[in-house]
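Both complexes shown next keep chain A, but they swap its partner, so chain B is in the first and chain C is in the second.
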Partner chain A sequence: MWKNFCTLFKKDCRMLVSGKFLLMATGFLILYTAYVNLGYVRFMEKEIYNVYLYDPEGIQINVSPLVQSVPTREALDAALLEDTGGVGLSVSSGDVQVVLYEATKQIDRHRADYALSLLHPSPSRIPEQIGTNTPEQKARKEITCELLFFELSAVGFLGIAAVLFKEKSMGVIRVHATLPFQKNLFVISKLAVFLLSDLCYAVLLTLVNVGLSEGTAVLPAVLIQTAILSLVMALTGLLCALLLKDFRQFTLAYLLIAVFAASPVFLSANTAVKFDWIGFHPFYHFYMGLKDAYFGMPIMPGDYTISGFAIMILFFSVQLAFRKEMGKEG
Partner chain B sequence: MIGIRYQLKSIWKDKFCLMTFLLPIVIAAALNFMGSIDLSNLGKFHFGVLEKDLPTQDVTWLEQYGPVTVYGTWEELTAAVNEPSTNVMGVKADGQSIKITISGDELDIFQQTASTLPTLYEQRDVAGQTEILSLEYPDILEDLEGIFIPAVLIMAIFMGCTFNAVNIISEKEDGVAFINEILPMTSRQYMIQKVMMGFLCGGLSSVMTVCICFQLSWQNTGIMLILIGLSSFVAALIGLFIGKYSEGLMVGVTYIKIIMLFFIAVPIVCALLGVSGPLTIICNLVPSQPAFEGIMALSAGNIGIAMKDIGILALHGAAWSALYILLL
Partner chain C sequence: MIKVKNLTFSYSKDKRALHGLDFTVEEGEIFGFLGPNGSGKSTTQKILTGILKGHSGEVSLFGQDISVAHSREFLAKIGVLFEFPYLYANLSAVDNLNYFSSFYPREQRRDVEELLELLEFKTDFLRKPVSSYSKGMRQRVSMARALLNSPKLLFLDEPTSGLDPSGAVLFRNIIEQERKKGTTVFVTTHNMMDADLLCDRVAFISNGSLVALDTPKHLKEENSNHQVAIEYLYQGQRETKTIETRALDGGLPFEHDEIISIHSQEPTLEDVFIQYTGRGLN
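Up next is the complex of A and B:
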């Protein structure tokens, strides 16, 4: 049995290479790394608003060094037009007027009060910090987690289905009906190949983008979550390949999964926009599991049980569909 | 002409091509729709306070700046502050002032806000009386949206390569390619028909995307049409290459994905990093770069750059056609 498994495993590996699957994965890995290191970490630098002061009579003498003085009212308007997030203070005959481009009511209130507070500066008090991550570490972990999730659930999934449809169209599945070895081996060998490639991918992506020491610390938990997601996606891909007629039909199912399933999850899990129904979205739980792993949060044993249960159900469904597909030959 | 009609009829029945056609249009519509959704929640300040800790008037004062959530215990509050997806700041009473707790992983703007909040609290009586002059937001595209929309358009234009590539590949798979060889049609005619197919579909999809995303003057519309026309033509030629060199649909899809990724990534990275010097010439070897730059220049009203990009795209068109004819 072990020898049969090895033969199948080798054949599947060769198929991944010939299907340009590895080429695509490497391309995405390079692109993601470039994006994280050249783009994402740089976007995340967002400073508090600039404050511009127009004070022709020089009434305000004790202003904070953070305030930038402008010589004329026109220069103030020009500075604000250039930096629409900034706040202008115009002083005439002792009265201060706050000038700003409208954002939301609450943000405007804060911008105005902040600008005014700089006219009478007092030493800023360092707030108590209770977390362990720096902003850059957080940004790196967050984006790596998103990219890994996207890779496993969207890009990897497409690769899996492409490989399986190819086998189906070549009639490989039906040939298996006549081969003298256990029928489970076909599915298990496929799962093993995809699991192994996803785990390697997760290791590389994490170590390169999160950093060597930080990455190694979170890697065990991340690999467990990767394995769960990878198995679920590979089994779903197998199920699609067995149930749908051809690759064209699959592209429709794929679009639904990639766009409509993944985007609300990203929005809910990463931003303050929360949907009430998101708890019923299965991908949300997988994503949160992965995110908790990256941030070193404890994962409930119940989550593992549910994931295990989901994988079992998918596995048996695939077995059923596989036997049905083999039976068609008969 | 009849040939092109048959070609268009055959891709119209293909779900894959139909989806490719509709995807950019749907994304463009969604982006337009997103513009009207209130996503201002994202940059807002969120505060967390302990039950029965701050007096009511102080909570009302905090609510001027952003939503306040009340937590029963200190543990619940710290868990909310530490939650990576939000930027909740914990606010506690501290004698005559307040004390702020943050996680430390927030963006600078939140950290700076947290360190200045006690000062704002102490000056709260003075600040409320100052006159505020709110100016209406100037009508220019936001940074992110300004890059997003041309990126979607680039996707629409260069997706044009999908139509003829997929069509050629399915002809290969179905054996129609062999029949084509014995039909009374020269390979030049075949090439023109396939290029026209990708050009028409990609161009139409892009024009619809432009109609949804941009409001242009008549002169700029003309320049935009030339930009789209030339880019769609280059995309169709690339589709011809993909179709020629892919053995099956799966390999073809992989090629299309890699090429699309490359075509979208290069102009975006160039725009964000502000590439200059000899690197610009290398970037311009990727046809999506002049197309993207042209569209960006056009939306900023800079016609000179757009005309230069039209020239580069025309060169691309000529070079790719010559290359295909040479390899034929």
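Up next is the complex of A and C:
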């Protein structure tokens, strides 16, 4: 059995290499790393909104150094025209008047409150900070978690389906029906190859982008969550590839998963937007599990039980679909 | 080697594919299974190779009931050539065969390169990916795959498909050689020439039922009108006469100067098939 597994594993590795999957994964790893280090972290360090102050009489004296003064009302309008996300404060008539280009109600209120808070900065307003992560560490962990989740749920899913569609189109699945080996191994070897490649990917992505010491500390928990998501996505990819007729049909299913399944998860997990039904969305729990792992939060044992159960159901469904595929006409 | 009694199979409640097939295949026999598309030959072959389950009736292979027979030990004893050459297109012929061969016990495995040589495979393509092969070359690699475990029972689906005439002759010779070693061969084909030249017995299947089973020779004799067509010259005129073969017992029963040709009017296997089923094979 072990010998047969090794043969299948070796063949699946070759399929992965010949399908340029590893090359694509390496490319994505470089791209993500460049984005995190050259774009995202720097972007997160920036002030959220520029605040411009027109105060011809110099009434505001304790303003924050983050406020940029302008000499005239025309200069204030010109600054806002150039930086439409910025906020203007005009005190020409004695009262403070907030001037801004309209966005959404909540954001506008936030922009105005932020700008006004800079007029009277006070040490009592500095919030108590909890947690040990610096803003940069937090930003790195958040974005690494998002990228890993995207890689596992979208790119990995696509990769395994592409390999299986290739085998399906070559008809070799039917040949395996007549070979003397345990048929479960055909699926298990593919899962093993993708699991291994996903775990390696998670290690590299985490160590490179979160940092060596921080990354090493969170890695065990991250790898457990990666393994769970990798198995779920690989099995879903296999099931889709076995049930759907061709890669075109699969692309539609892929779009459905990528757009309609992943977007509400990102929205609910990372913004103030909360959908009432998000608790029923399985991807949300997988994402939160991964995020908790990055931030050192404990994972509920019940979550592992449910994940294990889901993996078993998917595995048996894949087995059924695989046997059906083996019996198809030539 | 193969015993099938009252074999029925349905894909769904209202779609019965096989209606009580009865036949046996003796050890060392080349048995032809002929039928048009959709007649049930692939379904029968899939049941015999263990791919399809859920049939009713009695089927035994190697003297064992099929439910017991389809273990890994059983699969190690059979070789299957599919209708299409199913191979890994990104791997070479040698890599494909080494891969498939590694699932069989070491003592059963044949040397991959020797097999390819036997099948007259072009040596400069041995290490090139299958995607660069012609259909005939792929068929040769597929045949090598079916033979690489020295099978006791060989299932061949359209073995000469995609081959040129010399390739077809080579394949027929190889199948004959396998039979000489004691291998039982179950051939599913549309090709009447293959069936006629190769098979010890043939079964005709139509709409899921067996309509005839005998040696090609008997089938043709039984359905023959026992006539010969004779072309001859008489007084400078070229003439043709069709007469009963019995009429030849006392010599040619007509005057002639020179015989040009004598043709037996025995039907071809395809003619016999049409007589039994009312339709052609294609």
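Annotations for the structure displayed:
The rule is short, and it goes like this: the second predicted complex is superposed on the first by the 246 of 330 C-alpha atoms of A that agree within 3 Å, B and C clash if a C-alpha of one lies under 4 Å from a C-alpha of the other, contacts with A are read in each partner's own complex, and residues count from 1 in each chain.
The rule is simple: a residue touches a chain if its C-beta (ideal position, glycine included) is under 8 Å from a C-beta of that chain, and two chains touch if they have at least 3 such contacts.
Computed from a prediction, not measured in an experiment: that's the story for all the values here.
Legend: residue contacts after superposition of the two complexes on their common chain; A:H120 is shown touching chain B, with no touch to chain C.
When the two complexes are overlaid on their common chain A, residue A:Q129 makes contact with chain B while staying clear of chain C.
Of the two partner chains placed by superposition, only chain B is touched by A:L80; chain C is not.
Taking chain A as the reference chain, the count of touched residues is higher for B when chain B and chain C are set side by side. Contact with chain B, but none with chain C, is seen for A:I107 once the two complexes are overlaid on the shared chain.
When both complexes are overlaid on chain A, the residue A:V99 reaches chain B alone and has no touch with chain C.
Taken together, the two complexes place no residue of chain A in contact with both chain B and chain C. The residues of chain C lying in touch with chain A in their complex are 42, 46, 49-52, 72-76, 78, 80, 82-84, 86-91, 99-100, 102-104, 145, 157.
Interface residues of chain A, counted against chain B in their complex, comprise 19-21, 23-24, 27-28, 31, 34-35, 38-39, 42, 44-48, 80-81, 84, 95-104, 106-110, 112-114, 116-117, 120-122, 124-135, 137-138, 141-142, 158-159, 162-163, 165-166, 247-249, 251-252, 255, 269-273, 291, 295. Against chain A, the residues of chain B that register as touching in their complex are 14-16, 19, 23, 39-46, 64-66, 78, 81-82, 84-87, 89, 99-109, 111-116, 118-120, 122-124, 126-127, 130-138, 248-251, 253-255, 257-258, 261, 265, 269, 272-273. Those residues of chain A that touch chain C in the complex are listed here as 3-4, 7, 11, 14-15, 18, 167, 170-172, 174-175, 177-182, 326-327, 329-330.
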